[in-house]
Amino acid sequence: MNETPLIPAGVKRCSKWQFSLWMAAVTAVLLWGVYAMFLIWYKGLNQTNMNNAYGFALWIWADLAVIALGGGAFFSGFLTYIIGKKELKNIINFAVIIGFICYSSALLILAIDIGQPLRGWFIFWHANVHSMLTEVAFCLSCYFAVLTIEFIPLILENPKIDKVPFFHHLGHNMHGIMAIFAATGVFLSFFHQGSLGGVAGVLFGRPFAFREHIFIWPFTFFLFTWSAAACGPCFTILVTWITEKITRKKLVKDSVIQLFAKISGWMIITYIIAKTIDTLYWAFVTAPGLGFKLMDFYASPTYNIGLLFTEIVLCGFVPGLILITKRGRENSFSLMTAVILAVIGVCINRWVMVLQVMAVPVLSFNEWYTYMPSWQEIATTVLPVAYGLIVISLAYRYLPVFPQEKELNPID
Amino acid sequence: MKVARRSFLSLSLGVAAGVTLSPLPWKLMDDISIWTQNWPWTPVPEDGEISYAQSICTLCPGGCGINVRKINNRPVKIEGLKEHPLNKGGLCPLGMSGLQYLYGPSRIQSPLKRVGKRGSGNWKKITWKEALADVSEKLYDLRVSGRPQALACIASTDRGTVPKLIARFLTAYGSPNFIRASTAFDSLEQAIYLTQGQQGTPGIDIENADFILSFGTGILDGWGGASRMCNLYGKHNSTKKIIQIEPRLSDTAVCATEWIGINPGTEAALALGLAHVIIKESLYNKDFVEYVSFGFDDWTDEDGTVHEGFAKLAGSYPPDKVSQITGISKTKIVSLARKFARASKPIALAGRGQGSVPGSIDECLAIHSLNALVGNINRTGGVSVIPGPDYAKWPEVKMDVAASKGMQQPRIDGAGGKQFPNTQFLLNRLPEIINSAKGESPVQALLVADANPLYTLPDTAATKKAFNRIPFIVSFSSYMDETSAMADYILPNHSYLERYQDVPTPAGLARPLIGLAKPVINPVYDTKHVGDSFIQIAKSLGGFIENAFPWDNYEAFLKESLDDQWDELNNKGFIENKYDDLPAPLAYSFNTVSSKFEFYPTLRNNPKNKDVDVLPAFTPVPIEGDFQKFPLVLIPYDSIRLAGNYIANSPFMTKTIDDTVLKQQTVLVEINPITAKKLGLCEKDKAVLITPKGKADVKIHLYEGIMPGVLALPRGLGHTAYSKYLADKGVNVNDLIGPIKDPSSGHDMAWGIRARLTKA
Amino acid sequence: MSQTDQHQPVSTKAMPGANETPAANSTGWIIFLFFMIGFVGSLLAGWILFPELLYSKKNQPIDFNHAIHLDQVDDGCESCHFFREDGTFAGMPGLDSCIDCHEEAQTDNPEEIKFVEEYVTQGIEVPWLNYSKQPDCVFFPHSAHVIGADMSCETCHGDIGNSEHTRVYEQNKLTGYSRDIWGHNIARLGKHKQGEPAPMKMNDCAKCHKKETGHKGACFQCHK
Amino acid sequence: MKEKNNHTKRFGMVIDLDKCTGCGSCMVACYAENNVPFRVDETNKLDSLSWLVVHKITNGKPYPNTEICYLPMPCMQCDGIGKHGHSPCVSVCPAVATDYDHETGIVSQIYTRCFGCRYCMAACPYHARKFNWWDPVWPADMKKYLSPNVSPRMRGVVEKCSFCFHRYQQAKDKAFYEKREELYEDEYQTACAEACPTGAITFGDLNNKNHAVYKLKKDPRAFRLLERLHTNPKVYYLTSKSWVRRAGDNYLANEEPGKIKQEMVHGH
């Protein structure tokens, strides 16, 4: 009776020994991060290299970046359940797992990032509805709950769990109503992704981030949501590709990837055009109105104009154009190049919207602020990566994540 | 089993429902919220009744009025006293942070006796009884051995009843060696004495002057009472002209009407150059020069020898020559001379920075001569002399044989002797004399009260060496300063907020103003007023010494000294004399040989000291070091945010210091970008600064406001004692600069030293 | 709905063919009983035991009779709990207020004798426990309320002036606050009883401010 | 539009830079008044707690034409766009730990509410907000000088200049006691204004015609920092040096500080 295997039927997994070794390595990294995390909780934020000029730093960037990259989850849900692209069902499980990892990491990082972690819940208890951060916190938590609900049925599909009738039925029923949660997730995501854009955009004391008129609302909100929707799928594709490389198996059919990539390509193109319009208006109208030349914002060796070029052209237009052309998509090299560029692009965008905002001197007698993260900050930023690897490894090994795996990799 | 499981589930549901409907979770959530807001390690200051106690700040000689806010009699904040005529409610950062001196970690909390090696920091707590008995015994033994003159005492000032009491003790004991630290006011005092024949503190009526020609005097960097000068600046910054002449853009220069960069050490040449223009263009005050001055023109003495007069001396400093020496353009010299002479109340000021180094008498005389040229002497808005406070007479000290024998010995520091007859104290010479003495040190016992010579004297290494030769050192300091750290006994004084002390007219003030510092709190630690310590030592020494102190304690002594002024001082805190009390213009007779203002200071004609010219001709003040080996010049600078005197910085003051002055443990040396470029140095680079006296690790601060070729370091850093909030931060400039003896006064006149800077 | 959906099929699947109708009936009761045990038990625990555990009890150092004193003085509460000239409120009177009458014991009341012997003669201030003590972050101006808004002391402190004995001081073990701040009604439901001290949490202040001034007030009005 | 309450005060400060000598008394006065802690090494100015920082700015010219100006910067207590209290920091705080007091125009900071997200610091272009990176420590017996009028802060929260709000509270206490409606001008002064030995700092109600600041803010030498960002600071500066004025905001090469201000005043 207890002979049910842990590993889903019909698929092959690596040996226990191999798996344990891999897990041990990743866990070691995880523990390093956990140690740093406790150090920060115990000793306080003096363990970081943040300062009064750099109130937001690596972690907030990591937060924004993982949330953008986790955008594949809500967007695939949107496409699958609302637009009806049924093909994407073959990748949505993975997208949800990635999203789950990203959002749980974001919440963890936020809990490390605040000076009084035990008071963190004040953001809900004493919420200020005008603050972008409040909106973000609420939507983030709610969406994380949604992602958890979306993840649970998949966990329940593990052969051993599935054997328990209660869980079997629970999983079955949850699958049935998943469209509702997907829709909720999309709704929440639109909000919090947008609010994250607002986090920097509303800072009218920071000319680098501040946007005027329609460029603050709805444009900033739109840009963040759109870029997450555009680049999130790229990250899903990238992680799928890496998983395939590591497992040395084809896990998702090309047609699915192609479809996902094509939609993503068009999203990137539309996003980057909008972003360009925003940038031009900001550079030629908003900033000069506040007494800044565009180049004032790029006058540091670290933050030079190349960054803007990289973000918009190299990591915006280039991947967008590759992905909307059939030939670009079908060539696996150019596809992966485009996907990686898009992922970098959105990370750069989040980076400048957090760190460059802080670095640019606003008072004429201030200098460019520099900041190098401490090892504790790096360790705690690596922590979610290790955690993500563990979750993906466990999920891949024990859960039927890829519906097409059996078909693509028949066991002899 | 199924029933049990369901029952359990049901029970849990019941508990959940019950708990939800009870106040428990909600109340607990609220309490946890409160708990996370009240960390037990965040102090909760006790609340209570607010009261104010007025006193006078004695952290510097400025004599500002303070108002101490107290909660339940516990001082919580020091503020400026609005009613005080000098600071009028404002207060400098030193005075503002006074409470940190009351409770600070560097306070000495009970009498201490050294155990272990000197300076090792090992102390034993002892009782006052033991401490006083031990010190008395040592002093008794020294006296019995027939050398009472080998007892010396160092204090920061000789003004006020406390130093007077100490000096009285030394007299009764039989030692002439009461020595106090010298400042720039001593040179000025001597210049005034030489030209005007009047003894007393210089009164410089900045209040009423309209044109201040400052030869590097840091009038806004802490000179002459920081709060007083700031207050005046704030009130008159648009009407008074301030011309600041120095090679570095100091805070005074920043605020001045005009800043003129000058080659360091050439101030006297500029003064003579200005005199040249003023005389040549007949811009001087003819009434003053003609009727009440002597030695302006050449004159013939009784022997028929023709002496050169001041006009002729100035004549040899034409603008182009002076321009070459000073680096100031000819036109600027001429226009400056005209502006100075045409102003209605112009004052020329000598003494660099806060005035902690006396400086050259020649320079001082040359600059003071400018005041005489415009006749701005002894009148409102000019320079005058303020006599010392008028204490009630104490019974004369009756000396026994030992005492009178001791008192007939020459002073150890050589002040008032044949070589330097016009000088009262020469603390800067003490280390050299002790170090060069053959055999035993001439000082066998040293008492240090309200002074920290191991930090404030130039050439710290030599001072330390000298102190190591003194067998017995007693410190009366309230703080574990460098000198206390080297002492054998520490008999800690009350802090300035816990004691009575009279405050004589602050140096530089042109009208008498005495204040009374009063205790605003009962002594926090087991300390004793330094006056009481001396009285008790005197009493235990017995005999004539005891008889010289018929007072029970310092308070009784003070009351008797202040006599009829006591009540007013005790109530109001200060007694102010008005300007009306100043002598009328020119009505003042000078006490010189000629009874006139002597441009040619006859008193300076000292056959015992052939190094000295009577007229203040300009000879560059030599500084130590060889030009080839040390191509740069290092000058110290003063900052109002740094206490460079025997009171060291408070943690709050140190907190205000810019990161271009101190970065972590390292001080930044100011250097002009042009010079730095030549040396291949960039901002924040690490470097080693080497002078003939020592070397120090520094960092580079590129500063456009300093003359190329000149380096500047702040005074007041580089402490080795006190607490970790002060020690090991930067370098003490006195480690790097040695004293240079002024040939005519014996005072230290070093304004800098040659230096070399290499990239580390 | 989900119960029928899920549990019925599960039970039939797990125990095929079993018919437990009579047992199920009694089981239902048992299950309900357990629910009630849990429900009532936790209600009792939450409402009665919890407050007992949450607060530690202390007695005042001296049992003070307000009523007697109020009879003797002219200015009511303010005779002892007065305003200083700078507008601050003196709060608990110090020994110097008491010493005029109590330099020596006036009665043979053991509490008074204790007061005189242990405090007055030795010059030690009585460590009174303050029922209304606000945390350090709070600025409470008595003058604004008592003088500015003409409120009576009773409004917040209850009828303490007529009390003959001091109450037990209850201290919240978690927060260290006096129980009076939260209010003696652990549920904080309804209005507090006339004559009893009013709860003094921020919400209570805000409620009254909203009612009296039209707005809750800015943070800095009451915080420091 | 919102003129129902004519008692509304806008406390503000005018700092005469022509009088400031950079002595730092204001800073120390502020530390002493507001229980600001200190650390062994305070030379990293980016993590130092200081509610008021005296900046040293320079015209950048070489010796001997170098000029320096000291610029004391407390919290600017911004009124924000439209002067409705939407200061850069207040609207971003997620937990209402900071708010704008419409009675006085002062921006508060409640340490027990703050949970240290530092969003307000990111929002403030003046760097007026400081974070408590460490637990405060008062060595030896220094805890004894702490004032009960300002609550000491704990690690992990943001703090900033409050215009010595507790002094307003105390002054009002006294006014209530004396049954007065209004405060006298000298009754509520910040610690820095009181301490400034040159009298460079003037403090008062910008709305009150009888207060010195009312006239001073209209001085032709007056300007505010970063006015073009529409932060609407209540701290005004006076200077007679044009380069200082220019340094107070950001200008394109062809722009004149004075003219820009005119446009702004008329434009909004």
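Just so it is clear, A, B, C and D label the chains in written order, and each chain counts residues from 1 on its own.
Rule of thumb we're sticking to: a contact is a pair of C-beta atoms (placed from the backbone, for glycine too) under 8 Å apart; a residue touches a chain by one contact, two chains touch by 3 or more.
Predicted model only: the values in this text are computed from it and were never measured.
A.B. asks: Which pair, A-B or B-C, has more C-beta contacts?
C.D. replies: B-C
A.B. asks: Measuring between mean CA coordinates, which chain is farthest from chain A?
C.D. replies: Chain B.
A.B. asks: Between chain A and chain B, what is the gap in Å from one C-alpha centre to the other?
C.D. replies: 63
A.B. asks: Taking each chain's centre as the mean of its CA atoms, how far is chain A from chain C in angstrom?
C.D. replies: One centre to the other, that is 49 Å.
A.B. asks: Rounded to a whole Å, what is the gap between the Cα centroids of chain B and chain C?
C.D. replies: Result: the chain centres lie 58 Å from each other.
A.B. asks: Measuring centre to centre with CA averages, how many angstrom lie between chain C and chain D?
C.D. replies: 39
A.B. asks: Check each residue of chain D and list the ones that touch at least two other chains.
C.D. replies: Counting only residues that touch two or more other chains, chain D contributes 44, 48, 96, 112-113, 135, 148, 151-152, 154-155.
A.B. asks: Could you tell me which residues belong to chain A and also touch two or more other chains?
C.D. replies: Within chain A, residues 116, 119, 122, 125 contact more than one other chain.
A.B. asks: Considering chain B alone, which of its residues make contact with at least two other chains?
C.D. replies: Touching at least two other chains: 37-38, 42, 44-45.
A.B. asks: Using the touch rule from the top, collect the residues of chain C that touch chain D in their complex.
C.D. replies: Residues 83, 85-88, 135-137, 139, 141, 143-144, 147-148, 218-221, 223-224.
A.B. asks: Would you pull the chain C residues touching chain B in the complex into a rising list?
C.D. replies: 27, 30-32, 34-43, 45-47, 50-51, 54, 84, 86, 88, 90, 135-137, 172, 174-177, 182, 186-188
A.B. asks: For a test of understanding, state which residues of chain D touch chain A in their complex under the given definition.
C.D. replies: Spelled out, the residues of chain D in touch with chain A are 44, 46-48, 55, 57, 71, 81, 88, 91-97, 113-119, 121-127, 129-135, 154-158, 225-226, 228-231, 246-252, 255, 260.
A.B. asks: Quick one: which bits of chain B touch chain A in the complex? Just the residue numbers, please.
C.D. replies: Interface residues on chain B, with respect to chain A: 33, 36-37.
A.B. asks: Could you list, by residue number, the parts of chain B that touch chain D in their complex?
C.D. replies: 37-39, 41-48, 69, 71, 74-80, 87, 89-93, 96-97, 99-100, 102-105, 107, 220, 226-227, 230-231, 233-235, 237-238, 249, 251, 254-255, 259-261, 524, 640-641, 650-660, 662-665, 672-674, 704-708, 723-725
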